[in-house]
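Two complexes are shown next, each including chain A; its partner changes from chain B in the first to chain C in the second.
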Partner chain A sequence: MNQARWVVLMSEGAGRLWLFLVLLFLYLPILVLAVMGLNDSVHYTLPFAFTTRWYEDLAGNERLLQASFNSVAVALANTLIATTLGTMAALAFARYRFRGRTALQLLLFPPITIPWLIIGTSMLVLFFWTGIGRGLHAMLLGHVALSLPYVIIVVGARLASIGPDLEEAAASLGATPFQSLVRVQLPVMAPGIVAAALFAFAVSFDQFVISYFLAPPGVSVLPVEIFSAIRKGFTPEVNAISTIMIVVSMTVLLLFARLSKFGGER
Partner chain B sequence: MSAVDVRNVTKRYGATTALDRVSLAFPNGSFFALLGPSGSGKTTLLRALAGFVEPDEGMILIDDQDVAHIPSFRRNIGMVFQNYALFPHMSVFDNVAFGLTVRRIPRIQVRQRVGKILELVRLDGLDHRKPRQLSGGQQQRVALARALVTEPRVLLLDEPLGALDKKLRQDMQGELKRIQRTVGITTIFVTHDQEEALTLSDHIAIIDEGRLIQVGEPGEVYDRPYTRFAANFLGDANFLSGPVQDSGIMVDRVGHVATTSPLPAGEATLAVRPERIRLVAPDTPAQGNRIEGHVAERVFSGASLTYTVQTDAGPLRVLRQNADGDVIDTGERVALVWSADHSVVVED
Partner chain C sequence: MRIETRRRWAIAWLTGPAYLWLAVTIFLPLSAMLYFSFQKKGPFGRHASEFSLKHYEAFFTKGYLQDLMWRSLEMGFHVTGLCILIGFPAAYWLARRIHGRWREALFLLIVLPFWSNALVRVFSWTIVLRPDGVLDRAVHLVIPGLPTIDLTDSYAAIIIGLVHSYLPYMILTCFLSLQAIDESLLEAARSLGARSWTILGRIILPLAVPGLAAGSILIFVPVIGSFFEPRLLGGPKGTVIGTVIEEQFTVVSNWPLGGALSFILLAIVLLILAVSAPVLKNHMRTT
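Moving on to the complex of A and B:
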């Protein structure tokens, strides 16, 4: 009896320890990065001396500011385009039967698993070949292509949980397809759409490989700018900007997690 | 005059025929049950009336207008869905008002009509609740009010009481009947529950494998089923078969069983309802049909008992009211007696 209890307690304790180690492994580097962004020493030496000078320096760094602005602009445009197109596609997949529907749905998944490096390379080749070239517009195109499958899957999951009944109920009550879309379907889909939009934002904002391939000299987004800054020398300034990026991304993803859980309910 | 008239409607899904040349007239103001097992096509028929299924052939007339190829939102129908399909993001008031606001009816009128209909379904005072804050029965009433408020030409109900528990279902049956009578609207409802069909409706259509088997008033269909399927699906029945001989049939090892219904030539099958058979002691003299046997099984269900009597014609079921509390034990010999009026000729 007692021994069994002891074994249970031990295994529970071991489980907790394991979980703690995993979280430590995941978050310790980020924590060090954030702390060092607030440390006065350029060479990361201890003892820790609090300063906000790296953040102040950021404000004067034109290149970083321009890159941040580009990042946010591309991410917002991507969110708008990918969410709109993706929602429309999800509606079509959920409500209509058409030729090639299954094939198209299956084709949504491979881009998620294909390494970004390969997608980036192929996009560069394609854009070069078609004359689209490099630049923010090319990055935007790349990001939209990359985030579309995620949007379609997230919105599609929400739609699947709603079913066709509400649409039929609206139609039986005399609502035109447009009235039904605006007054019934979109409001009910809203949590899914918002979650998908946050995801699309995060995909674009955090994207490095594709942005790096499609960035012409002189134009840059935040992850690319950070990368080139590191190559020149690792200043605590990079820690500061990285911390800001992490905070933005984590906020967005936490909101996403919250809303997509929302999406599970009716 | 019929409000709704279905003529030769056929619907195929690939190789399967969901509706096979169904013709059915729904009289104005009737409460019409479409009864059949799952997969019989009854729901397809209802959905064709609603406009969610487009028939391959045939016409659907609502007030003499063919709506077979007109989209649902132009049909002016009301429908209550099996799971109610209330709009989860709208209040009770907004749910009910939906059909009026999409028609751009002035706000004052909307308020008046919604108030009136909520009173009719006895939901006044719950206007601001969300559907998820309501009980199953209340949700059902909201769905009904929402379907009725636009004063549609026909009300369609898809298994309206299927999601409710038994007690609530009985209450709602009464409510539904009261509301239907007050409004006077032609109502068509789909059910697989024979008891619901019998208690609620004034007309029943039995549907099986996409075909219309029989239409009539509940008593008529119950007393004179056309087919073995109809006899079995609406109520319970015993069947006896054999060659036809002077206003009856000869049943193997049992003898002559009489009927008053007209007989075909050759072989015939008779259906006898379990409650139309009386159980008597073997030596009791009696008029009409008579078969002897012994009680093989007894099922007690409170107000009544069902006996399975093993006879030379096979096992026959007899339903007996538990009126005086005398119960026949298994193994006892009994005679089954019934009048020729109660043997009904059915098609196989």
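Moving on to the complex of A and C:
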């Protein structure tokens, strides 16, 4: 009997240790990255000496500042367009049963599942061929395409949890379809829409592969700039800007998680 | 009849813009690439279009391209396998043994890095794995006198970076299927005298197959199409089919060959999905 309890305790400990090790594995490199951005050594040598000079250097780095500005601008435009178009499509799927509905929903999977390398290079081919060309506008076209499936899925999930009752109640009380949409449906959908918008922002802000193939020389966004810095040789300045990126996207996604009630039952 | 017309217009107006966008930015580009993969030359300069199979032939006649494709597939198997070995026990513990707010918080902690920039996380590994880096120092702290550990530009570094990138996928999908297992099923087994190993092997694992399969597909497909992870972590040893495809577009401008290799890669992905689909379907029916 005693031995059995001991075994249970052992396995209990082993399971927790395993989870802890997994978390350590996931977060250790990120922590190292952040710490080295505060270390006063160009060659990443220890012992650690605290400095904020890499962050101060960022303020004078025109290229990185411009790239950051471009990143945020593209991400905001992407959020606006993808959330609007995606919400419209999600409304149609929730409200109507029509021929081709399943087919349209299945079409959302290729953008998610085909490797970005193939999607990115295909966009390069088409945009070059048709004269759309490369640049921020091309990146925006691509980012919206990648965000749309997620927006439709997230808003759709919210709509599915609401069900058609509210809309029917509004109609039976004499609301016009437009009144019902603006005064009843949109307010209850709001958490889903905001969550989808946050997710769309993160998709674009973190997107590297598509932007990489669609960036002409001289125009870039943060991940593209970081990539070329890593390849050409880098200083802890890259750590500083990377840390900022990680903090921004993690904050956005934590907000998303709160709004969409993601993870675990409640 | 008028209601039916209005209904149709509403559907068209609501879905039209999103799907028009997807058509122009996903499906048209893929078609254009398919078209050029069967052309002799890419869309540069003035020349008549000329049908050609030579880029597909190149793959079947040039041994090194097949070797690289094989290397990518091998990389996919290694990464997926490691993700199962590391991720499944973690998902199991999280789903079955930890409850309440703790579970929610841990779950969020596991999926959170997954959504942060993949490139930045690969970059962080280059700093951890370099000679005199964090790993090197930590190992020497425990066992002094070992030779320097330098994983820069190695296959191991690529695998570590990719497992780090995709592990949360496996934990997520396994967690969802493990969480759905009815506790009374396990209690019944226990009360009938089944040992823990029997329960794990005959009940839990079979019920977790959909999660394992979904996670494997979600990891395998992007890994065999990866290019910047092998490039940054593997250096000269990091040449895989993904980096070759990338080079056709960024360095040597042989777009038709890049297109042909992309579609061969896609065909292999579809083949693997087609082979695994019946297994998956069967399984879901019987369980």
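In this section, the second predicted complex is superposed on the first by the 261 of 266 C-alpha atoms of A that agree within 3 Å, B and C clash if a C-alpha of one lies under 4 Å from a C-alpha of the other, contacts with A are read in each partner's own complex, and residues count from 1 in each chain.
Methods note: contacts are C-beta pairs under 8 Å (C-beta built on N, C-alpha and C of every residue); 3 or more make two chains touch, one makes a residue touch a chain.
Note that the structure is predicted; figures quoted are calculated from it, not measured.
Engineer: Aligned on chain A, chain B and chain C: do they clash or fit?
Structural biologist: fit
Engineer: After superposition on the shared chain, which partner residues are touched by A:119: those of chain B (first), chain C (second), both, or neither?
Structural biologist: After superposition on chain A, A:119 lies in contact with chain C alone.
Engineer: For A:183, select first, second, both or neither according to whether it touches chain B, chain C, the two together, or no partner.
Structural biologist: The first partner, chain B, only.
Engineer: Between chain B and chain C, whom does A:37 touch in the aligned arrangement: first, second, both, or neither?
Structural biologist: A:37 sits against neither chain B nor chain C.
Engineer: For A:26, is the partner it touches chain B (first), chain C (second), both, or none of the two (neither)?
Structural biologist: So A:26 only meets chain C here.
Engineer: Which partner, chain B or chain C, is in contact with more residues of chain A?
Structural biologist: So, of the two partners, C touches more residues of chain A.
Engineer: Is A:230 touching the first partner chain B, the second partner chain C, both, or neither of them?
Structural biologist: Touch status of A:230: second partner only.
Engineer: According to the stated criteria, A:172 is in contact with first (chain B), second (chain C), both, or neither; which is it?
Structural biologist: It touches chain B, and chain C stays clear.
Engineer: Tell me which partner A:192 touches in the superposition: chain B (first), chain C (second), both or neither.
Structural biologist: In the superposition, A:192 contacts neither chain B nor chain C.
Engineer: Quick one: smallest Cα-Cα gap between chain B and chain C in the superposed arrangement, Å?
Structural biologist: It is 8 Å, taken between the nearest C-alpha atoms.
Engineer: Write out the stretch or stretches of chain C touching chain A in their complex.
Structural biologist: Per the touch definition, chain C meets chain A at residues 7-8, 10-11, 13-15, 17-19, 21-22, 24-30, 32-33, 36, 42-43, 86-87, 89-90, 92-94, 97-98, 103-104, 106-113, 115-121, 123-128, 130, 132-134, 137, 164, 167-168, 171, 221-222, 224-228, 232, 242, 245-246, 249-250, 255, 258-259, 262, 265-266, 269.
Engineer: Which stretch or stretches of chain B touch chain A in the complex?
Structural biologist: Per the touch definition, chain B meets chain A at residues 50-52, 71-79, 81, 83, 85-89, 98-99, 102-103, 132, 146-147, 150, 156.
Engineer: Which part of chain A faces chain B closely enough to touch in the complex?
Structural biologist: 165-166, 168-177, 179-180, 183-184, 187-188, 190, 266
Engineer: Which residues of chain A touch chain C in the complex?
Structural biologist: 12, 15-16, 18-19, 22-23, 25-30, 32-33, 36, 44-46, 85-86, 88-89, 91-93, 96, 98, 104, 107-108, 110-111, 113-119, 121-129, 141-142, 144-145, 148, 152, 202, 206, 208-209, 212-213, 223, 226-227, 230-231, 238-239, 242, 245-246, 249-250, 253-254, 257, 262-264
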